[in-house]
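Two complexes are shown next, each including chain A; its partner changes from chain B in the first to chain C in the second.
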Partner chain A sequence: MRLHAASTLALAALLAPARAIFEDDAYHIDFHHALIGLPKRGINFQKPYAASKASLLYAVSHEGAIGAINPRDGELVWRQIASSGLNATGLLRTGEDQDTVVSALGNHVAAWSAADGRIVWETSVDGATVEDLELLEQEDGITNSDAKDVLTLLSDQGLKRLDGKTGREKWTFQDTSGDTPLQISTSPTTVYYIALHTQLLGGAKLRVTSLSPITGKKIDQYTLSSEGEIQAPEHVLFAGANTAAPLLAWTDKSNKVLKINIIGTKGVSTFNAPTKDAVEKIVLHAPSRVNSLVHFLVEYHTATAHSAEVFHVDLKKGAISKAYSLPELKGQGAFTTTSSDANVYFTRITTEEVIVVSSVSHGILGRWPVKRISTLAGAYPIHGASEVVMKGGSASAVRSAVLFSNGQWVLIRNGEIAWSRPEFLSRSVSAVWAGLPEEEALAHELEVEGHQDVLTAYIHRVNRHIRDLKHFPTWVKNIPNRVLGSLVGKASDSLENIQNDNFGFHKFVVLATAAGQLAALDVGSQGKQIWHVDLAQLAPETVFEAPTLKAYRGYIEIKDSASQKSLYINSTTGGLLSSGDIKTQLSIEPKGQTLISFDLVDGDLKGFLGADISTQPIWSFTPPNGEKITGYTARPTKDPVASIGRVLGDRRVLYKYLNPNLVLVTAVLESTRTASFYLLDSASGQLLHAISHEGVDVSRPMPSTISENWLSYSVVIDSHSDASSRGYQLVVAELFESPLPDDRGPLRASSNSSTVQPSAASGDVTKPFVMSQTYQIPELISHMTVTQTKQGITSRELLVTCPDSNSIIGIPRHVIDPRRPIGRDPTSQEQSEGLTKYMPFIPFDPKWHLNHKYEVAGVKEVITSESGLESTSLVLAHGFDVFGTRVAPSFAFDVLGKGFNKIQMLLTVAALFVGVLFAAPLVGRKQINGMWTMPS
Partner chain B sequence: MHLPLLSLPTLAAVASAARFTLHIPANPLVNPASLPPSTHATLQASGPPLTARLTRSNSFVFTNVSAGSYFATIHCRDYAFEPLRIDVSIEEAVEGSGDKKEVVRAWQTFLGNEWENKGESRGEGGNGVLVEARPVGEKRFYQERQGFSPLSFLKNPMILMALFSMVLIFGMPYLMDNMDPETKAEFEEMQKKSPLSSGAANPAQQLQNFDLASWMAGKTDSNPASRGQSPAPQSKRKG
Partner chain C sequence: MAAQPPPPPQWVLDLNSAPPSRPKNATYADPPGYTATSTSKQRSQSSKTPARQAPTPDEMDTLKMKKAWELAIAPAKQLPMNAIGMYMTGNTLQIFSIFMVFTLFKTPVLAVASIQRVFAPFETPGTSSRLLAVKAVYVLMNMLMLGLGIWKVNQMGLLPTTRSDWLAWEGERTWSERAVPREWL
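Up next is the complex of A and B:
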């Protein structure tokens, strides 16, 4: 058995030399946005353990991720992404002086180590969701310093108290009344369970049950009549605050009246909204600490302005009174609560300034104007958290982590933007490469010249050159700087500068999120955001669900399944273009030719004449035996091939089957666990090749890709099948015109062949000869694609996304060559082709990982693009995290790497020059002597 | 070693579902406490895999695992772990007793081999069994840059040969000078005897001045010193 392990290791060694990332290139040529998604309300500054000096920012996101962020630089400390994914109810509670944070996502309750994100305990509930989660801060008036117990409210299984150290259940309170469970609230002595009792005649009552925290037995119960104001759970604004007087607040449908009850009493205080305008949103902020003053703030938002009122609770009388109000300000803003000892401070964050006030009086303790940055243009704060440093009665410093309306999570430190995290990118659904504007402009000018007669084209060109001359002085001025910069080795400077993009590494990628936000990133300069637009603001009438992007010269077309209309966006500036502006450029269709488009219609793949899919299909493909098509992959439209054949060791040639219209269709039959792959010609609809796999787990992803003359896909073997092996398989098939070298098959004789009717021209023999090999791989692949280069000379690399290890791996093409000899060592001729003996298992060499130490989570798609260099391909992965890098599958053969020491080279040249200076007189003298003296 | 598993509650107990723990033992390769929190283990059989995250006590806890044969993988950013095969079955503890219990068996497995090809056992037992998950190596992502170093330059055989001949050329005269007269005489004697030094003192010069035409003409010159001299002095002598 050891032998197997040894052979695996030997194989790993054999597969070297692998092209890997250089250590000094890592973190420079690539970038990674490690995101957690849009944080929910309740971002929290908390010390990861009691003795810690600095605090971390904890948040749970709408995407179901829990994360700890370092407030100093915005770097992710740890994160855990729920497998259930989007739209799970997410709750996160952090307790003071605790080394754990407790989360509830869907039906899963877990305690995490606050410092490093490891699991402490976890438990899940079948068939229920967690509605609310609270930490039991105090028990009988004594603060728990140990692990605090957790109270969970389940959707239909009542209230449970879980042990804070182990997660074991201590007691359960079963609610059998059938009311909708709403919230839990605790006071130092009692646990309150609040439910919504729906009445037959509309409206609902709030039922508050008080429980003993020790036994979980019911102590008391009372109902609060809401007078028909509460119709749904959303109308209850607030319940809780772990203070001496927990509050319950609700409002009516029109947000005109605010009603507040101190939980445990029956009195309801009513307050009117301060503004005459329609209030859109009311938010209540109360301190969460037990020993804080019982003051709270109510935030009112209208369409154009926001204001707030601060209330005090008199515990003896059980009365709530308004203390003061904060003036109405135009625009939107957010309020945060900070408690320090017993004091409570409110921080008001608007787009212009940050103001700190105390809960006691309305005097401003500190005020900082906010310096605007371009990424926050047009956005306003939504919610956040703050830390306030008090010195001598005034706020000396404040830092606020605020989510802005455009999805940027920002830390404002004394008015300065310390960092911003583009969390909106976690929802990206589509991405395209857009060329740099200069390049596109030049291409356009050249095109203009191409369409004119010789004389006007010549004049146009001369004019263009004269116009270009104005850049000449600055170019000359920059030469010394550039030379010095490249010598001293400040490579990062040239990386930042798009103007100096000699190698074409700076390419924009435009990402669209599900909510209709568009952002352009520069992949060459660490993913710097170039522009960001919200389509909802540009085109308010269109609704976006899953926009798809398409890049054209200088602009981007946005289409959405929800609306038929297309939007056009300038790819340089992000400005909206009217469809009239671009009509002239829309001539992608070559004249005199008709395009055949194809799409999945009613479960069949159908081909249509022209781009309109409402016409009669010209071909249709239905898989046999009732199989269902799950997806298809087409060969990329831009897929240059450098050589039409493969040169064998004996100098003969195997001709590649190069068909631009290849489509690989994936179809499954669940009952027999069969996955079938059909290779079609999309022009004629002809079936070229079919492969079928039995015993496949059809519920798992089956990614596929086509490039050049080869295709690849991956399947997962089902444990219920009788296959002798288990795990994940990668299949690679290569298409040739003929199995014989130096033979072009049926195409040899015909000088003219039709792609529309390949079959009718010469029978069925135009089908390719397919060679394929299957390999075992260690991990599931969720997506695969192929690198792209300018001319296709560089060998390709198969880029696979492994969701389990959060990595993107580039498998060199020669490793998965279907011509690897099976069961024997390669002959010397095969060795000269670079073929190695077939091994059933391909270990994923860590050197193949493009992401090295980064963990790229939730990747849905990887897109590649050519760069200015033939050796290099640009790669961008998106979906949840965004990751960009560049790869050189055959090494960077056309550019000097960082390892090239320019100073050393100059020194060598200088030394040689000095040597020549010394040697020249010597040699000259010797030559003269040789001519003038007789040999003795 | 305390087991977090034993303290783990199952809010809804499911019949015939096993629970077990994959544990990373203390080993010389890696301190398990230093592994990143994203480290997790998956159990793959059919459909979406079961996932367990790394706990504070360096283990992965699987609960509610139904009977079947599972392929267990540990995914870690920094270290590679050996793949495991874990079989969960419901067996009678004592034959015929009717008392059925979950049995968990774990072995090493070898990718690219038959599933039945099992390696060493990594744990066996009933509910709550501890299965060892051993790291096999660190993942090295980076490629060393082949910088210029004088040592690698010296390792080049061409450079070595050149250096050796340099030493010979420059070192030999010194060596000769430093020899004591007796050895020197002996050495010179040896040189005289050697076939290369027969005749002229300088074999290289001799070789350069070799007169091919006369040699081919079968001329046996009695005066080897004059061989290869330019014709002019010869004619002078004749004349």
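Up next is the complex of A and C:
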């Protein structure tokens, strides 16, 4: 009897300490989308060092990350994320024949090794942001072959020249005029500093100051009368192009006139937009090389079409003339500039084709139709970069790295999509698990059967089986493939196939970004994208700020704080469903229970009868001493419990306090640096337990989680605290019905209870017995959650996100068991429970890291789900990177490992069979002989 | 054709032919262990000597009872030996201790089941009433043996005597209220 299911739990817990990611599982069961975010304009193909044969793609993203991508397969080579956090302003400059790239993220200027992203030098300016960054290509007409010096334009500290090798400051030009600094531009001989001089009457003049690159002294200054057009810095389209003739272009508010000035001259050329329709956007593309022809392209976008014009600059006359125009095409497209020696090529990328033209004439040098793929449906190119291979006067090959409007960063190689990076996922705000459609359908059918009487249910089942027979021929046909695949094929091959999902590892996760992009990934097959929709296209009238998702059987509901209406999306195809098509279900179906909902209303947690919060609250919780509620964590709706008690070493039972209505409220008081945690029963609003911590750094995250009968949270005790232990602390508390073993507390063995009125006497409350322990941990935790399995038999694991080391760590439950004996060695009975002596410090074992070699950056949330196997839980982390894996906290006890040699097993069986074939006649003969000879 | 059997050896002839009777006047004694073939007269004389008296049924019964008691006590004699054996094997679940425990259960049960057969030889009209007590002791002794087995099984933790063994049949409480955060609805 001791070998009971309850005790297998303890057995599983004993096995757990050696748990880790197995080497052969790494990179197979998990996937990682290492993202850099939506790249800004100025994606660049550049050789990482002068002698390199291949080039890398360098980009800086709107999220403040810089990265180098291998253009061959789209893999990330290296990336650096702003230390000030995501969403910093970012600038990136790559120089030709340079082995470093220079970036400015926020106020932090750094040079990185172009090949591997190691830091070369860094400098930061306090209290200012870097407005512009340029490399000083030439000095007095001589190209500097060493590390090129860096010019930085700071928001209020003027212009600085930094040494390209060390990052030390060479000179500073202080601008005291109070103008808005805008751009830096360099010509071979001069540095130009462009600022906006705001007029009193509105509008702004462009002031161009020329500086000596050697001393930083002012040479000349002039203003351009642009007050008619320029109202804000956004109206300046372009400044720079480190060519022989740097350009300054601006436009008016309605984008009707384009004004271009060759920096250094005072003449302004004016051109009118070529289309009659309202131009929405004008983009100017100029080559960035010093020795390139001074040709540039201006791109005009209207709401429905786009066109471009190519201009030539006559350096001697200082005049700009229009050379030719590219015809207007329906839909949106992007242009890229490629310079090869002195020649300049423009590549036009539309949703249909890729066209290469030379800057000299409008003759088409190459044209490739673009093969459509599903992930780019409805999206159009925004901007990109191209590399063109010329052969005999025509373009023989072209590859373009293009950002599409739906956030996919795609490389189009001669019209074929070579790879696509789902960079839009870096802005995901909500994620939810959605089951496979077949599973959902089956679950629905079984539910139907469950509600019918025996006979109709039986007929229903027979009918269902007859209907299933149509899949039988294909199933039979697939058997040889499946058998062969499982014997000799790589395990990943069979995993790729969703149809053969015997273990339930294939689960869709649907991610929503802030802008309303929705994507479904299959966690079981390396995060493959199943579908991708843009809600802005499906439902143009709805505005999205921070959509939240909820999964139902077969569909997904999208709610947004900005709009009251919900959208429904088919979870299999991503198609929009009208609310009439679906049977709306409640996510929580109270069976004979009173439904109570609670929410934060005006800083207080209030409970309401039913789902309607307009009624009078039935309870309200206000934390004492003016503390402010910062958040709450409720026990998840799906939290199966295998055993309602904990079996002690002497085979007695400590009964778990299992209350589905537990909620842990976090409240802080900033003035006294206090953080309090209140455990409430959310049905009655009764306070069950309260813990308070002094000297807490309340600006740090205080994540918490509840599962089963235990809760966990983490706080940071700051260095000013009087407490004897400071730093990162992890608190774990376990709730029992009674401190005494074999006792079910005041409610005794009654099978039902009400928390509002647990016993006949009113105002009574059944409080749990709480055991808690605090541990010191080496790192800050920003988010925590618990693994989930189907039955809850497998021991749980606390999954914590450590933003400082970009990792996700699974802490086994037995390590943070509050029943660990303190100050003494465990007795033999405690040892048999798997308890070890309490140690105040938990070092994060490298084996606990789920992400092994991956660096999972910017994780905001980790979600877990059960798989088809009891041993295994699916995990997905999202926020910036997307990372998915599977964990088996008590080992994969219900599935054969990869090391299991099926062929050897079959050979053994075959050998035994052959042995039997030989031995059978021998034995038979011996038996017959034995019958015929006398025993004598 | 079977050949004529060879003539019997001398020792067979010697054995078959009686030795010449001892002369009457012989002064030497018979060799030890030799009994002279008695003559018919002598034979009649010897039959007259009083033979050992056949035991009476009462005596028989007493004897049988004695034997029966011995049999009834026998299991108890094995008890200390078994107890030491059980103690020595420890409380872990091993194939040997499981086999020993199994025999510990099997033997008494089988013994009690075949109690009639065991005591059948001692069953007479005179003893049948007295045998009841013997049988009772026999059963008791076997029960002691069984008790040892149960003690051992308990030591091994195989008896469902504690709360944890019945935990799986205890249910989670159902709560009459269900409270959820409003955004989950």
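In this text, the second predicted complex is superposed on the first by the 860 of 936 C-alpha atoms of A that agree within 3 Å, B and C clash if a C-alpha of one lies under 4 Å from a C-alpha of the other, contacts with A are read in each partner's own complex, and residues count from 1 in each chain.
Here is the rule we use: a residue touches a chain if its C-beta (ideal position, glycine included) is under 8 Å from a C-beta of that chain, and two chains touch if they have at least 3 such contacts.
Owing to the predicted nature of the structure, the values given are computational and were not obtained by experimental measurement.
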Touched partner set for A:Leu658, first chain B, second chain C, both or neither: second
First (chain B), second (chain C), both or neither touched by A:Pro327: neither
Partner chain(s) touched by A:Arg700 [first = chain B, second = chain C, both, neither]: first
Partner chain in contact with A:Thr637 - chain B first, chain C second, else both or neither: second
Chain B versus chain C as contact partner of A:Asp742, first or second or both or neither: second
First (chain B), second (chain C), both or neither touched by A:Phe598: second
Touching both chain C and chain B, counted on chain A across the two superposed complexes: 1, 4-5
Of all residues in chain A, those that touch chain C in their complex: 1-2, 4-7, 548, 550, 586-588, 590, 592-599, 607-608, 611, 613, 632, 634, 637, 641, 643-645, 647-648, 650-653, 658-661, 663, 681-684, 741-742, 747, 749-756
Complex contacts: residues of chain C adjacent to chain A: 157-160, 162-165, 167-168, 170-185
In the complex, chain A residues that touch chain B: 1, 4-5, 8, 18-24, 26, 78-80, 83, 113, 116-127, 160, 162, 166-169, 697, 699-700, 716, 718-720, 723-727, 776, 778-780, 804-806, 839-841, 843, 846-847, 849, 852-853, 855, 897-899, 901, 904
Of all residues in chain B, those that touch chain A in their complex: 4, 7-12, 14, 36-38, 40, 42, 44-49, 51, 53-56, 61, 68-71, 73, 75-78, 80, 82-83, 108, 110-117, 119-120, 136, 139-148
